[in-house]
Amino acid sequence: MSARQIRRIRKHGLPPESLVYTGRRSKAPAKLHTLLYDESGFSELPEWQQPRPGSVLWLDIRNLSDTDAIAKAGAAFQIHPLALEDVLNTRQRAKLEEFDNGLFFIVPHLSLNTKTMELVSEQIAIFSGNGFVVSFQEIPDDTFAVLRKRITENVGRIRKKGADFLTYSLLDTIVDGYYEVLDQFEDEMITLEETLHTTGAHNHEKARIFRLKRLVNDFKHRVLPLREAVGKFYRSDGTFVDESNRLYIRDLVDHVAQVMDNLDSERDMLFNMEAYYQAEAANKLNNVMRLLTVISTIFIPLSFIAGVYGMNFENMPELRTQNGYFILLGVMAILMLSMLAIFKARKWI
Amino acid sequence: MSARQIRRIRKHGLPPESLVYTGRRSKAPAKLHTLLYDESGFSELPEWQQPRPGSVLWLDIRNLSDTDAIAKAGAAFQIHPLALEDVLNTRQRAKLEEFDNGLFFIVPHLSLNTKTMELVSEQIAIFSGNGFVVSFQEIPDDTFAVLRKRITENVGRIRKKGADFLTYSLLDTIVDGYYEVLDQFEDEMITLEETLHTTGAHNHEKARIFRLKRLVNDFKHRVLPLREAVGKFYRSDGTFVDESNRLYIRDLVDHVAQVMDNLDSERDMLFNMEAYYQAEAANKLNNVMRLLTVISTIFIPLSFIAGVYGMNFENMPELRTQNGYFILLGVMAILMLSMLAIFKARKWI
Amino acid sequence: MSARQIRRIRKHGLPPESLVYTGRRSKAPAKLHTLLYDESGFSELPEWQQPRPGSVLWLDIRNLSDTDAIAKAGAAFQIHPLALEDVLNTRQRAKLEEFDNGLFFIVPHLSLNTKTMELVSEQIAIFSGNGFVVSFQEIPDDTFAVLRKRITENVGRIRKKGADFLTYSLLDTIVDGYYEVLDQFEDEMITLEETLHTTGAHNHEKARIFRLKRLVNDFKHRVLPLREAVGKFYRSDGTFVDESNRLYIRDLVDHVAQVMDNLDSERDMLFNMEAYYQAEAANKLNNVMRLLTVISTIFIPLSFIAGVYGMNFENMPELRTQNGYFILLGVMAILMLSMLAIFKARKWI
Amino acid sequence: MSARQIRRIRKHGLPPESLVYTGRRSKAPAKLHTLLYDESGFSELPEWQQPRPGSVLWLDIRNLSDTDAIAKAGAAFQIHPLALEDVLNTRQRAKLEEFDNGLFFIVPHLSLNTKTMELVSEQIAIFSGNGFVVSFQEIPDDTFAVLRKRITENVGRIRKKGADFLTYSLLDTIVDGYYEVLDQFEDEMITLEETLHTTGAHNHEKARIFRLKRLVNDFKHRVLPLREAVGKFYRSDGTFVDESNRLYIRDLVDHVAQVMDNLDSERDMLFNMEAYYQAEAANKLNNVMRLLTVISTIFIPLSFIAGVYGMNFENMPELRTQNGYFILLGVMAILMLSMLAIFKARKWI
Amino acid sequence: MSARQIRRIRKHGLPPESLVYTGRRSKAPAKLHTLLYDESGFSELPEWQQPRPGSVLWLDIRNLSDTDAIAKAGAAFQIHPLALEDVLNTRQRAKLEEFDNGLFFIVPHLSLNTKTMELVSEQIAIFSGNGFVVSFQEIPDDTFAVLRKRITENVGRIRKKGADFLTYSLLDTIVDGYYEVLDQFEDEMITLEETLHTTGAHNHEKARIFRLKRLVNDFKHRVLPLREAVGKFYRSDGTFVDESNRLYIRDLVDHVAQVMDNLDSERDMLFNMEAYYQAEAANKLNNVMRLLTVISTIFIPLSFIAGVYGMNFENMPELRTQNGYFILLGVMAILMLSMLAIFKARKWI
C-alpha cells in the first residue's frame, strides 16, 4: 500500500515537497479543534491563534483529505514543507524529526478489526513547538477524546504542565491503544492453544495460526521504528522538553519496550504453536498409516490363503477332507488373533 | 495478562499516575514489617519512622491490594508517583530507574507450579534510598524470610553494611529463586530426554517438549530485561552505592548472566529434542510404511496368481495335471522366500 | 555475474586502476548531456566546461561501453582513478566514498522484468564536487528524464539549490524506483496469497513463492549497503553538503530505511507463505492417505469374507443353506455401514 | 547440575560468601604443590611462603573437597571472600574479575569421555597477584604437569618471565585442551559424514548427529564467556600484566577466537548433516512408497480381472471359448509389461 | 585438521614459541626469491639483504617445510617468534597483528578443486616492515607470479609506491582469487537451479546442494576474520601505511565486504534451494500416493464385487440370470468411469 502510494505521487515528476494526500479520500472538510489552556482554565477557540506564553495551544486537525486546511495550518505554525509532506503521505514509518522550531512525530495508531482480522492503521502526525502542539489525525474519528476530557475536567497534572507534556500524553494515548491490540492477539492465541490441545490440529486452526503470525509480524514492523523515535524524544536536549517531564517520557520509552517484548514473546509462542501443529499433523498421518497397515497386514495374507483354496485345481486333497474348511477357519482365526496381539504389543492399536 | 491489566486502568481515562492495583485482589490489609538495624543490634518497629544515620531501615510491605497503605508509605519515603504506579501495576518488565532520592527496582519473583507446569510470577518492587529500603511484595507470602533471619541472627556481613547491601541481598535472594526454576526445568528435560531415547517419541512426549519450550521462552522474556537493570545497578554512580559493595553487585550481574546462559543452553537442548522428536516420528512412519510395503509386495502378486487359477475357464490345462497344485504351491513358496531374502538384504525387515 | 566480471579484468594481471568496462557491451558511443543552471536560467551545452561559481554543472554520461569518453570526463573533472575504475566495473555494491575533490556514489538502479520475473540492475555512479555533478548511467536509457524536466521547467526548489541538492535529487529518483519494485513484489504477493487461500497449494504456487523469495533476497542484498552509504552522506562534513540541505538527505535516509523495512516485512510474509504451503501440502497428503485408508479398511476385510466363501472345500455347510448368500450380503452391508459410521465419527469422511 | 548445586548452598540461608564446595566430593586432603622459580633456578617448597621480589611463587592446590586448605591459602594470599566462594562453587561460567591485589580467573578444563560421549568439565580457578599465582584444580589429576616440567627443565622463556606469564601459560594449557576436544568432535563428524554418504541415513546415525549437536552446543556455551574473559585480560591495565607479555596474551585471545570459529563451523556442519539426514529419510520414504505403488498399480487391476473370470455366472461366454484363458494370460502380460514400461520411463524403477 | 595439527605440537610440552611446521610436508628446500625495486629499476638478488631507503625489498619464501630457512629469514628481518610460529602453524584464522617493526598478516589463499569439489586452502603469511615485505607461501606454487611480472615490467603504479603498496597488492591478489571461487560456486548453483526446475529434485541434486552448502559455509568461516584484519589495516596509524595509499586499502576493504555479501547471498540462495528441494520431494510423495490411492479406490471395491460373485453359494439367483454377467460388467464400468470422473474433477489425475 505504502509503496504504491508514494510511487503515485513521485512518478508524475512532482518535487519531493509537494502536498499530496496518499490515503483514503473523503470529500468532507477537515475537522479543526483548538484548545487553549493553562493551570487556571481553558477555552475552546473557533479559530486558531498564535500561542501565548504561559498557556498551551492545542490544534487538532482530523481528516487529511482537506489539504488546503493543512497547508494553512502548516504555514501558520511554520511547519517545514518536508514535515507537511510527511503528514499527508500516510503509512510512513514512525519517526521523530527535530526541526528548529519544534519536534515532529509520525506515529501509527493501530487497531484490530476483529471481524476481518486485519490490522487497521491510522497515521497520526504531531508537531510540538514552544507553547503549542498541532496534531493531525488521518480519519475523522477522534483518538484523543479521553485526553481532551482530562484537560477540560482538569484531571491529573496535565493542566499544570506545558506543550511537551501534552505531546507525551498524546503519544501515551496511542501506545495505550497498542496494548488493546496485544490483548486481542493474546485472546486469540489462548483460544487457539486450547483448541489445539483439546480438539486437535485441524485445517481451520492452521489458517488461524498463519493469519495471526502475519498480524503479529505486521504489528511488529510498524511499532519497531517507534522505539527509536521515543528514545530520541527522551534523549532530546532541553529546547522542547522540560527536565521535570523526562521521567514521564522514560515511562513512555518503557511502555514501547514492553510492547516489543510482548510481541517477541507472542511470536515465540506462535512459532511454537506452528511447530506443534506440524508435529500433530505428522502424528495424525502416522495414525492413519498405522490403521491402514494393521488392516492390510491382517487381511491381505488371509485373503491370499482363501484365494489358494479358491483355485480350481482338480487335485487339491485338502478340499476333500471332512473338516478342512473348519480347520482352515481355525488357522485363520489364530493368525488374525496373533497378529492383533503383535500390534497390541507394539502399541499400534 | 499484563496488556489486559494495563489497558483496564487506562481506558477509563485515568491519568498515568493514578494508583490502581492490577493484580490478583484480596481484601486483607497489607502486612507491614519494619526492621531497623546497625552493626550493634536490631529492632522490629510497630510503625515505620524516618531513617536514622548509621543504621538501616527496612520497610517490607506485602499484599498490594491495600493501596492506601502503599500510598501512605510512598508519601512517607517520598517515592515518585510514577514509581508508585509501577509498584501496583504488576507484571511490568524488570527495570531499574534512578530517582533523585533513590533507586527503584521492579523484579519478577518466579517459581514453577510443578502440578500445572505453569510459571508463577510475583512482582517485587524495591525502593532503595539513603539509609532505608522499602520493598513491596505482591502477595502475602514472604520471599525474604531467610534474609530477615540473617539480619536478626547477624549471619554474614549484612549488619555491617548499609542500605545498598540490603538491596543487593534482596535482589540476590530473588535471583537465587531463578536457579530453583532452572533446576526444575533441567529435571524435566533430563527425564524427557531419557524417555525419548528409551521408550521413543510418543504423543505425550511431544506435548511435554512444547510445554517446556513455552515455559523456557516465557522465563527468558521475563528475565532478559533484568540483565540490563542489574548492569545499570553496577554502573550507577556513588550516590546510592558504596564502592566497597561493587564487587557484590558484580557477582549479582554474573549470576543473572549465568541464568541467561543456562536458559540459552536449555533452549538449544529443547530445539534439539524437538528436531529429534520429528526425526523419530519420520522414522516411525518409515517403519510403518516399510511393513505395509513388505506385506503388500509379497502377498499381492501371490494373491494374483491364486486368482488366476481360481478363474472358471473351461480350458485351463494346468488345472487338470496331477501335481499342478503342488507345483504352484512350491513356486509360491519360492517367490515368497526370495522376496523375503531381498527385503532382508535391503535391511527392511 | 559480478564475480565473474571482476575476475575477468584482474586475471590478466592488470593493475587495479585499469579502465575496463565489465558490463553488457554496445558499440554505440556514449551519450553525453551537459546542463548548466542557476536560479535565473539554464543552458544545455554541446561540450562540457569547467563549473562556474554560482551555477551548477551537470554532466550526464550514458552507455559505459565508450571507455574513452569516460576517461576523458574523468580527467576533466579530476575523478580519482580508483573511482573511475569503479564506474566501469559494474555490479559493485552500493557505496559512498569521500575524495578530496568530491563525493563518489555507486548506486544500483533496480527494476523488475515482469515477464521473466528477473531483477534488472543498472549501475549508476555519481561524482559530486563543488559546483558540478557527473553522473554515469550504465545503459543508454535515461533514468533521470523526469528530474531534468524539473530543472528546465523550474519546478520545485532545485534551481535555487546547489550541486549537493542535485546529487540528493538523483539519489532520490533512484530510491523512488525501488518503491516501484516493492510495489510489484507486493502485487505478486497478494495474488499469491489469495490463490493459496482459495484454490489451494499447487505446484505452480510453490514455484512462485520460491522465485519471489529469491527476488526479495536479491533485492535486499543489493539495497543493504546503500543504507550505509546514504547514512554516510547525511553525516558527511560541510565541504560538499550545505547545512540547509541536511533535512532533505535525512528524508532520503528515511526512505532507504523504509525500503529495508518493507523488504523485511515482505520476507517475513514469504516465509510465512512457504510454511503455509508446506502445512497445506502435508494436509493434502493426510487427506489422500485418509481416503486410501477408508477404502482399504472397508473393502479389504469384505473381500476376505467373499474369498472365504469362494473356496472350493466340499464340506462348507453355509454354502448349502437356502438364505446363506442373502444373510452374508446383509452382514457385509452392516459391516460396511458401521465402518462408515466410525469414520464419520472420527471426521475422516 | 550447576543450578542445583548453587541452590543447595543458598537455600539454607547461608550468606553469599560462605565457603561450601559444590562439586564431586572426596575425602582425600587437598594436594598442594609450591614451586618458587626465577631465571637462575627453582625450588619446590614443602610449605607456601610469601612471594619474594624477582621470583615467581606458584601454589597449585588440587581437590577442592578440602575446604580448610583452601580457606587457609585464601587467607595467606589475601584472596577476596567472593573469589574464594567462586573457587568452590564449581561449574560457574568462565570469567576474569579484577581485585585490588590480583586477577581472578575461572576457566573450565574440558575433555570428552569418548566412551559415554559426555563432556567432562573440571573447574579451574587461578588467582594471579604480584609475584605469585595460586591455581585451584577441582580434581586430584594434574592438568599442568607439562607446564611444571617446562619450568623445572627451563624450556622456553617461562623462567625469564613473571607471574603474569605463568598465568598466561596456565590458560594457554587449558585452551590447548579445547583443541583436543574439537579434534575428537571432528573425528566423529568425519566418520559420521562418511557413513551418511555411503551406507545411508539410519536410525543409529540420527542418534549420533543429535548427541554430537548437544555436545557442540554444550561446549560452546561453556567456552563463550571465556572469550570475554581473555579479552579483558588482554585489555587490563599494567598493574598485573607486563607490557612485554601483551603479545602472548593476544595470541591466547586469538586461540579462543579460533576455538569459537571452529565450533561455529562445526555447528553449521551438524545442522547441514541433520538437514541431509531428514532429506535422506524423506527420500527413503519416497522409495518405499514408490515400490508399494508400483506393485499395487500392476497387480491390483490384474487381480480384479482374474476375479472377474472367477465369478460363477452361468452365462459367461468367454469361459467357454477354446483359447480364452490363453488370450487373457496374454492380455495380462501385455498390461503388466506396459505398466512396467511406464514406470521405467518415469524413473520409478 | 587445524585442531589436530595445533594439538600435535603443543601436547609434547613444547613452549608456545617453538617453530614446528604443521602442514603438508615435502623434503624440498624452500624456494626463496628476492626482488629489490624502486621507481627507476629492479634487481633480482641471489641472497636477501637489508632494505635500502628509497627502494622496496620483497623476499618471497615458498614451501614451509624448510623451517631452517624460515628461522633464518625471521632472524634477519627481526620477525617476532610468535609471528614466526604462526607462519608455520598453518590453517590459522586470518588476522593482522601489529608489531613494533611491522605488520603481520595471515591470509588464506583459497581455491576450489572442481574434481573433488573440495576447498583447497593455502596459508600465506606476510610481514610488512619499513622498506621491506617478507611473504611466506605454504606450497611451492607461486600465487604472486602476476604481481611479480607487474613489478618487473613496470605496469601500473606499483614501482612508484612503497612496501605498504606492495603489501596491499599481495592481499589484493589473494582476494581476487576469492572471486574466482565465488564464480565457481555460482556456476554450480546456476546449473543446479536449472536442473531442479527442469528435470526435478532427484537424489543426486540433494547431494550437490548439501555439498555446496558445506563449501559455502567453509569458505565463509575462513574469510570472515579477514574482514576484521583488512579493516584494521585500513585504520592502522601512519607508521607502516602511507596516507596516499589509504584509498587503495579502502578499496580492498570494499572487496572483502563484497565477497562476504556475495557469500551471504549465495547462502540465502542455497537455503532457498534446499527448501525447494524439500517441497519438491513432498510434492513427489503426494503424487505417488495419489496414484496409489486412485488405483486402490477404483479396483479394491470392484474386486470385492467380483469376489462376491465368485462365492460358491448354491442359491445365488443373479448367477443364473441370462444377462447377469453383462449387467454386472456394465455396472462395474459405470462405477469405474464415475470414480475416474471424480478424481479428474479433484485434479488428482
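Order of writing sets the chain letters: A, B, C, D and E. Residues in each chain are counted from 1.
Here is the rule we use: a residue touches a chain if its C-beta (ideal position, glycine included) is under 8 Å from a C-beta of that chain, and two chains touch if they have at least 3 such contacts.
These figures come from a predicted structure and were not determined experimentally.
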In angstrom, rounded to a whole number, how far apart do the mean CA points of subunit A and subunit E lie? 41
Measuring from the mean C-alpha position of subunit A to the mean C-alpha position of subunit C, what distance in angstrom results? 25
Shared-contact residues (touching 2 or more other chains) in subunit E: 278, 282, 285, 289, 292, 296, 300, 303, 307, 310-312, 316
Determine the shape of the graph in which chains are vertices and touching pairs are edges (line, ring, star, complete, other). ring
Could you list the chains in ring order, beginning with subunit A and heading to subunit C next? A, C, E, D, B
Subunit E-facing residues of subunit D, complex: 146-147, 149-150, 155-158, 169, 172, 176, 179-180, 182-183, 186, 197, 247-248, 250-251, 254, 257-258, 261-262, 264-265, 268-269, 272, 275-276, 278-280, 282-283, 285-286, 289-290, 292-293, 296-297, 300-301, 303-304, 307-308, 310-316, 348
Tell me, which parts of subunit C touch subunit E in their complex? 1-4, 6-7, 10-11, 13-18, 80, 82, 92-93, 95, 97, 99, 203, 206-207, 210, 213-214, 217-218, 221, 224-225, 274, 277-278, 281-282, 284-285, 288-289, 291-292, 295-296, 299-300, 302-303, 306-307, 309-312, 316, 318-325, 328-329, 332
